[in-house]
Every structure is written in structure tokens, then in C-alpha cells.
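Here come two complexes built around subunit A, the first alongside subunit B, the second alongside subunit C.
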Partner chain A sequence: MDVAVGEYIRRTVLKIPRDEIRTVLQKWGFLSEAQLQSVNFHQVKENTAREVVQLCEENSADIKQAAVLDIIYNHIYAEKRMWSVYQMNRTGEATEIFYLTDFKKKIKRRLRSALKNVTVTFREYEHNAIWIRIAWGTPYTKPNQYKTSYVVYHSQTPYVFISASVYKSNLPLLCQALVVASNYHDIREMELRSHSLNSLKDIVFKRYSQNFQTYCPRPLQDRNVEPESADLRIIQENRSEKERIQRVNREVFGDGPQPKIEFAQYKLETMFRSDPKMDVLDKKEPFRCLIKFSSPHLLEALKSLAPAGMADAPLSPLLTCIPQKARNYFRIREKKGLLPGSFVSP
Partner chain B sequence: ARRGAVLGWVSAMESADGAVRTLPSTGRLSRGPPFGRAHGRFGRSPSARVLPPAPRSQEKADPQRTALLLRKQWTLYSVTPLYRFSDAHLRDYSRLLSAFIAAEKQKGLAVEVGVELDVKVAISSLPELKGSNQDQAAVLVQLSLRPSASSKNSEEKLIWSGCFCSVSGDDLSENMPEDFTCLPLFLANGAESYTSIVGSWFQKTFDCYFRRLAISPLNLSWMAAMWTGCKVDRTASAVELVFSVPCLPQPLDISYAIHPEDAKALWDTVQKTPGEVTQEEVDVFMDCLYSHFHRHFKIHLSATKLVKVSTAIASAQCDGIIKFLQSQYLTGVLMLLTELAISQIQ
Partner chain C sequence: GVFAHLEMLEMRAHKAAVKREEMERQEEKLARLKARVEELRLQRDELRAKVDLQEKGQLGKEGVVSDPAQPSAQAVLEWKIKSLKAMLQIFYLTGISSKLTKRGVCFSISTAYEGTYLDSYHLDLLTQPEVRILRHSVPIFIPLEQIAKKYLQTDIRRFMSVLSDHLNAYVGRRYQADQLQEHFSAQIEGALQRNSLCNLLVFNYNVSSQSKTFLFNARLLYGDPCSILPTEVVISCTPDAPAALAETAGVHSDLFRRVALHKAFRSVCSAEESVA
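The block that comes next holds the complex of A and B.
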């Protein structure tokens, strides 16, 4: 076994939390059950990793198998990477039949003809998800297994999720290969990024509960399961306002769990407007700002602002449109000639 | 009788409790005297502050020395007056502190086998760092790692810096008995463990008391307003305000960055008195920013907590961390920080 391959496997194993190593190796399936039994998984990770590499040496592992282990690791720990979403377009309505072998061949061919040295590995998962791992090289250097990009393509959809690497210059080539191999015409990057791959999928595949305007005939009191306080001295102030906020919030955000995104960014190029009495800035040029919202679970945080009294209900559509518009990067300019207070987002 | 404002022996540093005793000041008060500083009494925030003097273009009094304060992250402390401190004995203090550090290290804090921890202490005076002639010259404490005999690198490595200073600290030094030296502001850069050791020695030796300097949202908004108005030669960086909303089910952070020209244009129309800034003007400036934000997002930023302010001349955080970015405004920022430190002591 190549020393570099052994080292790569060792480093990959070290990334895995100690208690998960056995499971991941089982998923990999390269080492036999008997071999796995012989490993002591309860020792210091460095030692476990060494034992694993020893066994891989016995089985003569090569870079192909090592690459598969890496894909499996990244599939399980996808949230460690930042994912961007791309959408492909094709003219004509005919749905093309997807041939997996054809797809794989075309991708490999396209990348190899341009760079000569690339390691391309595929793995299929449920829901027609194809994972592609690419280790980038150049016509003159071997592929660097530590500089990798990952692509997740759901073959029945026009969406591709890409976690690029430092070699951003290879992105156009990668996009081109994807378009050609999947029989589309072009591809564009959406303004949507997150660490949570599943949430990105939820958003573009519309798998979250959407806020349809529903006519709700039952009075709200029936729905609110808040028990009446036994102590009559406790009165709920602003009860009707609180209920209105809850209702509006539900309409705007929907009932179900929100897709998990960590940030949203708004580039504002709107006019600054103030109360004329205040005698402040009255420029004819935009008041340029960049606003970033961040949270471990942004949409849930935003949803809780109005009930907490920190925002009006309904919250601004600039924020609530994130799942529908499938974007979390916005550029907001002033709408010309219409009522003040309306914005356009390109 | 010699205790003064000291609270007693403490061998460890106290962390910020986040509660600077500033009462909300009434914005419609009459303005303070045009060329005398409004006194902050009993922790009350002044209704007006004199702007720091415009930077002198030939402020070249050894820029090397004050340059060491720039572009580093400093943790701020307030320090009660030092008893029987003399800047004629700095060499002696260096020796004593050096011995103290060696003794502390002997006590068994993180001992690495084979590594010689020979810490050299240098205490010097920085007379350039003061506001008026009444101010005590600043005192700089530097800890360097002496190269061990076996080390090829013969250079000393600076590992920790601390600076006691007072810029326009007359409020404190005015009525102070002779034996006391007033240097209410302390800046520390480097490992917390060294800050603790150095602080303990000073506390024991000069009967003083260190306390983390917390910067309230009110004072941060003063900084935002005052620093936005400062003229900067080169292209300035954005004026950034960071708000935190911790009490939601999911924490939320909001970064609000404004183009420096637009921020300054707004401030210039708000600030009407030459040479002075009033609470009212700061409030109007912040309200303008809040209402612009509210217009777009329907969120009340005033209900959130301002935790960080970043401008081209300096950045400050609520937990008492500062970064100086422009040498011409160094004294001005130190003057404001000295005022906050005195406020925390009294």
C-alpha cells in the first residue's frame, strides 16, 4: 500500500469521533467483520487509527478505497462544510431519462481531459442522491487528496449542491462537466448558502411546511392549549394582542419546523428617510448598509422575535421570504416611482 | 486611613459583571460647559462630552512607542490608585515582579518538561501617553521570553504587555493624597494567566484593586457616534454595530455595517454644537439608525443589546475589549476610556 494512502486513511479516521469509528468503518465495508473485531476502539484515537491503517495495509488499500471512506465521512458530517446551491436549466420540456453510468463517465471524461490528474469518486445514496468527490490536480501534478470538492446531485431535479475547496478556479470546469453530463444547458449559482445540507434541500425541494393562507373558522381560543391559571389574581395583559401576534406569526412562518440556516445577508442600497422634524440627513443618494443576521437556527430565532416583543408582527417579508425565494443573500434597492417603503430585490 | 477607595485584598482578578453603574441620562438636559468636561459623578453618564482635540499633524513624539498600542486586542481594567508607587523605582519593580513570576511558575502551573520558562520583565515609563500635565505618565509592563541556552533563536519574544495610564484623569487625581498615584486605566494584551499574575503582584504591592471594565450599550453608542464623526485620511472601514439577542430560544446576532461616508454624513447633520457632543445628539443618531433598520426588517434594534462597535479609528466590545486603529486618535479614545474607568472606580 502506498504510504500516502495509509497516511490519508489515518488522518480521515482521526477526524471521526472515537465512538463512531467502528460504525463508519462498517459502512465502508473494506475491512472484514473479523478484522474490525480485532481492533481496540476504546483506546486513544491515535492508536486505533494506527491499527486500522495496519489492517488496510494487509488488504492492500489503494486511493480509490480511501476516497470512498472520505465520501462516507463527509456524508455523515456534512455540516462541517459550507454548501452552495446551483440550479441547472434546460430548454425544451422533454424530460430526459437519466443514465447513471453515462453520467459518471461524462463527468470523469470532462474533468480528466481538462486536468489530466483528478481523482473522481462516486457514491449513491437514497432519494437519487449522487455524491461526487473530486481531488484536484493539474496537468503536471498529482491530485492533492486534501484539496477536495464535493458535489451532491439529485438526478430527478435541476439542483446541485456544491462544497467547493480552495481551488475556486476549478469551479467553472466542474459546473461545465455537470451541465454536460446531466444534459442541461446552463447552470447558475443561487444566493443560498448554509452548513446544513438537509436544510438547503428542504428549502429548494419545498419540503418545509409552507405558509399557505388558510381560512381558519375555529376561534383561536380553541387552538391555544394554554391552561387558565388557577390563581384568579393573575391576569394576562394584552391577551388579544399576544394572540394576534401568534396567529400572524403562524401564517407567515407556517406551522412546521423551519429549515435550518445559520445566516442571512442583506446589502441595502435604499434611501435614508427620517421625520422632517428631526432635521437630519436628506441626501438624494442611497444610505449604504450591509446587514448580517446569524444564529445557530436563524429562522427559528426570527420567528420568536415578535412574540418576545422585539419585532412587529408580521415580520418583514425580506426575512420571511427566505425559504420561498430559496436565498439568503439579498441586494435591496429602492423601487423607483412607487410608494415609499417598497423595496425591490433583484 | 490609607485605604481610600480600595476594597480589600484580592489575589485574583475579578471578571466583568457587566453592570457599569450608569444611570440613564436625560437627553433633554441643558448642555455642559463648552470647554470644560462635564463631570461624571457617582457613575452617572454625562449629558455632554467634549470632543477630543483634533489630531496634531506633527504628533510624532516617538510614534514607535505608542505604535505598540495599535492594532492589538487589549482587555480593559479599572485600577484603584496605587499606594506608594514611584516611577523612579521602575527597575526595582521589574526585579521584584520577575522574582514573583518565577515563584508562581515554581508553584506548579503548567510545567512543560524540557522547556525553560525564563520570563524577563521590563517596566518602563511612557510619558507620551497622557492628556494633560496633571496626568501621571503611563507605565508599560512587558514580559518577554528569554531564549534558553539551547535555543538557536537569540531574540527575545514579547509574550505579554500591560499598560497603566491616565488621560485627562483629573476627576480622580484632583483630590488624591500625595502617596497615591492615579493610573485608573489598565490595558492587557497576552495570556490571561500572566495578566492574573501581574495583577496579583500589583494588588499586593501597591494595595490597589483591578476590575474588568465593562462598557455599557449606552457608552458603546457614544463611541459609535463620536468615532463616526472623526475624519480619517485613508479610506475608512465601515461603521459596524453588533447587536445580540441572547434571550430567545435560539440566540441571534445582528451585524449592522454602514458605509463610512454615509454614516459620517448622517452624523454631521445630527451633531450641531462645535467641539462638543451631547446625549441628545447621540440618541438622535442611534434612533436614525434604528428606524432605518426597522423600516426594512420591522425589528426594534433598541430592544436588543449593543455589544460591539467598530469604526476606522477603534473597535470596542461590551466585555471591555478594545482595539486602537489610528494613532492620531489614540489619546482621544484613551481619554474616553479613562473616564469610564474612573466612573467604575467611584
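The block that comes next holds the complex of A and C.
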């Protein structure tokens, strides 16, 4: 076994939390159950990793298997990476059947013809998710296994989720390969990024709960109404206002859990409006300003603002349109025309 | 002395005055209550008279008299609720329902496959200045834009019908694949390969002949997006399989093309059992 491969496996195992190492290795399936039994998983991680590498040596692991272990790790701990969403377009009818083997072949061929040194690994997961791991090299150097990009693609959809590596220059090549392999014409990056891959999927695949007005007999969910206090002396003074806020909030955000994004960024390119007498800026040029909202779970935080009394309901559509417009980066420019105000540009 | 005596007299007078007041108050109260009793007696007599009149079949001019033939407000309300529920049930059964919104219409498509209700999908449409889709929950791999481009502006009914066909076919195919995975996992070797639209299924399954098992590979292509049956079925067996199995493959291929996948598979397995 190549020393570099062994080292790579050792470092990958060290990334995994100690209690999860056994599960991940089982998913990998490269070491037999008997071999796994022989490893002591309760010792210091460094020792466990060394034992695992020893077993991989016995099985003559090569870079292909090591790459599979890496994909498995990144699939389980996908939230450690930042994911961007790309959208592909095509003109004309889209009634082609998606052939997985063709897709894989085309990707490999495209990447290898441009860059001889590249490691490409595929793995399929449930719900038709195809994970692609690419380790980039150059025409003169071997692929660097530590500089990897990951792509997640669901067949017959126009969206690709990419977690790029440091080598941003390889992105155009990767995009081109994807477009060709999936039978589309072009690809563009969307203004949508998050650590939560599943939430990004929820947003673009419209899997989050939107509140549609329907006659469908939906089971009435238990509303979060405070139980009537047993003490009749307590009166809710602004009960109607509270109910209005709940209703408006529900119309905007829906009933279910919100997709998880960590920030929303608004770049303002609008004119500074002040009292004409004050004339703060002598040059009439746009006041550049960047506003960033960040939170461990931004949309849930926004949903709870009005009920907590910290903001008026309904919230600004600039904040609430995030899942529907599938973006969390906005540029706000002046509205050209007689009416004052600003509009959101695509 | 004198003062003490005076005080005592004062107190006595005070007490007497209080008592007198008390008695006066009691008498007032009694008089009031008597008057009230009279009032109520009068009312009672009036009502009695009215009831008598009613029973005799004569309608008085004053007073609210409800026609016994007319149903009560309660009964009307109950009937309204019942007919509304029936209407909702009809919508649910036909699968397409709609509701007017502030800016247009919201359509809901409830899909089903052979008696099992599956997912519901919704579309929020704007009607001014032209018909446009505001937002929807249709899966991304259904060619919604194409269907909209063809029919949305000209014929909304056709649009909904075509979209409903696509969605029902998709959930039907998905249901068949799910059933296959759930109930026949023992006969299937390896994973069932499928794609988002469930219009290409590839899997390997075991066929036994003369107490030996052979691996068959099945490839089902559903060329028609609105159909729950495949347009192309290719069943191949391993090269070392006996020639007789080629005929079996042909039989299976024909079966998969005509019958829903999970039902076809069930008869394949039961045929196995009868042979073995």
C-alpha cells in the first residue's frame, strides 16, 4: 500500500469523532467484520487510527478505496462544508432518460481529457443523489487528495450542489463537465449558500412547507396557543393582536420547520436619503453599505421575531422571500423612475 | 353624673333611630319585591295566553312565532356543514380542486394510485394581467414549465389535466418501485437502481430452475411520462443459464410490460413457488 494512501486514511479517521469511527468504517465496508472486531475503539484516537491503517495495509488499500471513505465522511458530516447551488438551463424538450453509467463516464472523460491528473469517485445515495468527489492535480503533479471538491447531483433536476476547494480555477472545468454529462446547455451560480446541504435541497426542490390556501382537509395542527390559565383573574389584554401576529406569521412562513441557512447578505447601492437641509453627502452617489444577518438558524430566528415582540408583523418581504426566491445574497439598487424606493435586482 | 346620664340617653335614642331606619328599609324592600312579583305574574299570564293562542292555531301579531314547518337555525347550519363536507370529499376524490385567492386561484392536485392516496401538490396562480404561476410545490423534475408554456395561457383545464396526468403517473411509478423494494427485498439482489422521475428502473433478481438459482437482470424504461407501465422491458440472464430460462425471460418481459411492476413481480414469485 502506498504510504501516502495510508497517511490519507489515517488523517480521515482522525477527523471522525471517536464514538462514530466504528459506524463509519462499517459503512465503508472495506474492512471485514472480523477485522473491525480486532480494533480497540475506546483508546486514544491516534492509536485507533494507526490500527485501522495497519488493517488497510493488510487488505492492500489503494487510493480508490480511500477516496470512498472520504466521500462517506463528507456525506455524514456535510455541514462542515459550505455548499453553493448552481442552476443548469436547457432549451427545448427535456424528455431524455437519465442513464447513470453514461453520466459517470462523461464526467470522468471530460475531466481527464482536460487534466490528466485527477481522481474522480462516485457514490450513490438515496433519493437519487449522486455524490462526486474530485481530487485535483495539474498536468505535471499527481492529484492532491487534500484539495478536493464535492458535487451532489440529483438526476433529472437542473440543480447541482458544489462544495469547492481552494482551487477555484478548476470550477469552470467542473461546471462544463456537469453540463455536458447531464445534457444541459449552460450553468450559472445561484446566490444561495449554506452549510446545511439538506436545507439547500429543501429550498430549491420546494420541499419546505409553504402555506397554500386549499380546501384539502388538512389535519388541524395543535396551535401554539397558551393553555387557558386556570386563574380567571388573568386577562390577556392584547389577545387579538397576538392572534393576528400568529396568523400573519403562519401565512408567511408556513407551518413546518424552516430550511436552515446561516446568513443573509444585502448589498445596498442606494442613495442616502437625508433631510435636504442637512446635505450630508455633497456628492450624489450611492451610499454603499453591506448588511449581513447571521444566526445558527436564520429563518427560524426571523419567524420568532414578531411573536417575541421584537419586530412588527408582517416582516419585510426582503427577509421573508429568501426560500421562495431561493437566494440569500441580495443587491438592492435604486428604482429607476419617478417613484421613490428601491427594488431587488436579480 | 348628669353627663353620663345624658350620654346614655343619647345612645338609646341613636339605637332606636337605627332600628327604625332598619325597619323602614325592610318595608321598602318588601314593597319592591311584591311589586316585582306582580310584574312577573303579569308576564307569565301574557306568555300563557300566547301559548294558548298558538296551540289553538292562531298567530298573534306581536311576538316571535316560528313556523313549526320551518327548520330551526341549528338544523340549517348542520345541513350546510354536511353538504360542504360532502363537497370537499368530492374535490378530494376527483383529485383537482381550487380556491380563489386575493390575486388569483390556488389549485391543488391530490394524487392517488389504485385507491391509495399519495402526495398533494399545489400551485398558486395569478390571473391578472395574464395567467402566471406565482409559486408551487411541484417537484422540480416534472416538466412544469414546458406544460405551462403549452397550455397555461390558452386552456387552463387542459393544463391542469396534463399536469395531473404527469404527477399521478410519477407517484404511481414511484409507488410501484417502493412496493417492490419493500415486499420483495429477498428476491432482489443488490440495490434497485432508479432515477428521480422513476422512469428507469434497473435491478437484478433471482430465478430458480431445477434447484439452482440464476440471476436475471431487468431494465424497465418508462418512455411515456404519463404512463405507469413501461414502454420497454429488457430482461437478460447470465450466459451460463440454461436455454429454457431464455423462454422464462421472455415471459417475464411480457408480464412486466403489461402489468404493474409489484403485481407482476408477485406473480413471478408465486410462479417460482409452484414450480419449485
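Methods note: the second predicted complex is superposed on the first by the 311 of 346 C-alpha atoms of A that agree within 3 Å, B and C clash if a C-alpha of one lies under 4 Å from a C-alpha of the other, contacts with A are read in each partner's own complex, and residues count from 1 in each chain.
Throughout what follows, contacts are C-beta pairs under 8 Å (C-beta built on N, C-alpha and C of every residue); 3 or more make two chains touch, one makes a residue touch a chain.
In this text, all values refer to a predicted model and were calculated from it rather than measured experimentally.
Of the two partner chains, neither subunit B nor subunit C is touched by A:Tyr146. Contacts of A:Ser316 after superposition: subunit B is touched, whereas subunit C is not reached. By the touch criterion defined above, A:Tyr125 reaches neither subunit B nor subunit C.
Which of subunit B and subunit C touches more residues of subunit A is settled by the count: it is B.
After overlaying the two complexes on the shared chain, residue contacts for A:Tyr159 are found with subunit C alone; subunit B is out of touch. Look at A:Cys289: by the touch rule set out above, it reaches subunit B but stays clear of subunit C.
Contacts of A:Gln324 after superposition on the shared chain: subunit C is touched, whereas subunit B is not. Using the contact criterion defined above for the overlaid structures, shared-chain residue A:Val204 touches subunit C, although it does not reach subunit B. When the shared chain is aligned, subunit C comes close enough to touch A:Tyr99, but subunit B does not.
In the superposition on chain A, the residues of subunit A contacted by subunit B and by subunit C do not overlap at all.
Listing the residues of subunit B that touch subunit A in their complex gives 238, 245, 247-259, 262, 265-266, 269-270, 284, 288, 291-293, 295-300, 303-304. The part of subunit C that touches subunit A in the complex is made up of residues 88, 91-92, 97, 99, 101, 106, 108, 110, 120, 122, 124, 135-141, 143, 146, 191, 193-197, 199-200, 221, 223, 225.
On the subunit A side of its complex with subunit B, the touching residues are 266, 268, 270, 272-274, 278-283, 285-298, 300-302, 304-305, 308-312, 314-316, 318-319, 332, 341, 343. Of all residues in subunit A, only 93-95, 97-100, 124, 127-128, 154-159, 204-206, 210, 212-217, 324 touch subunit C in the complex they form.
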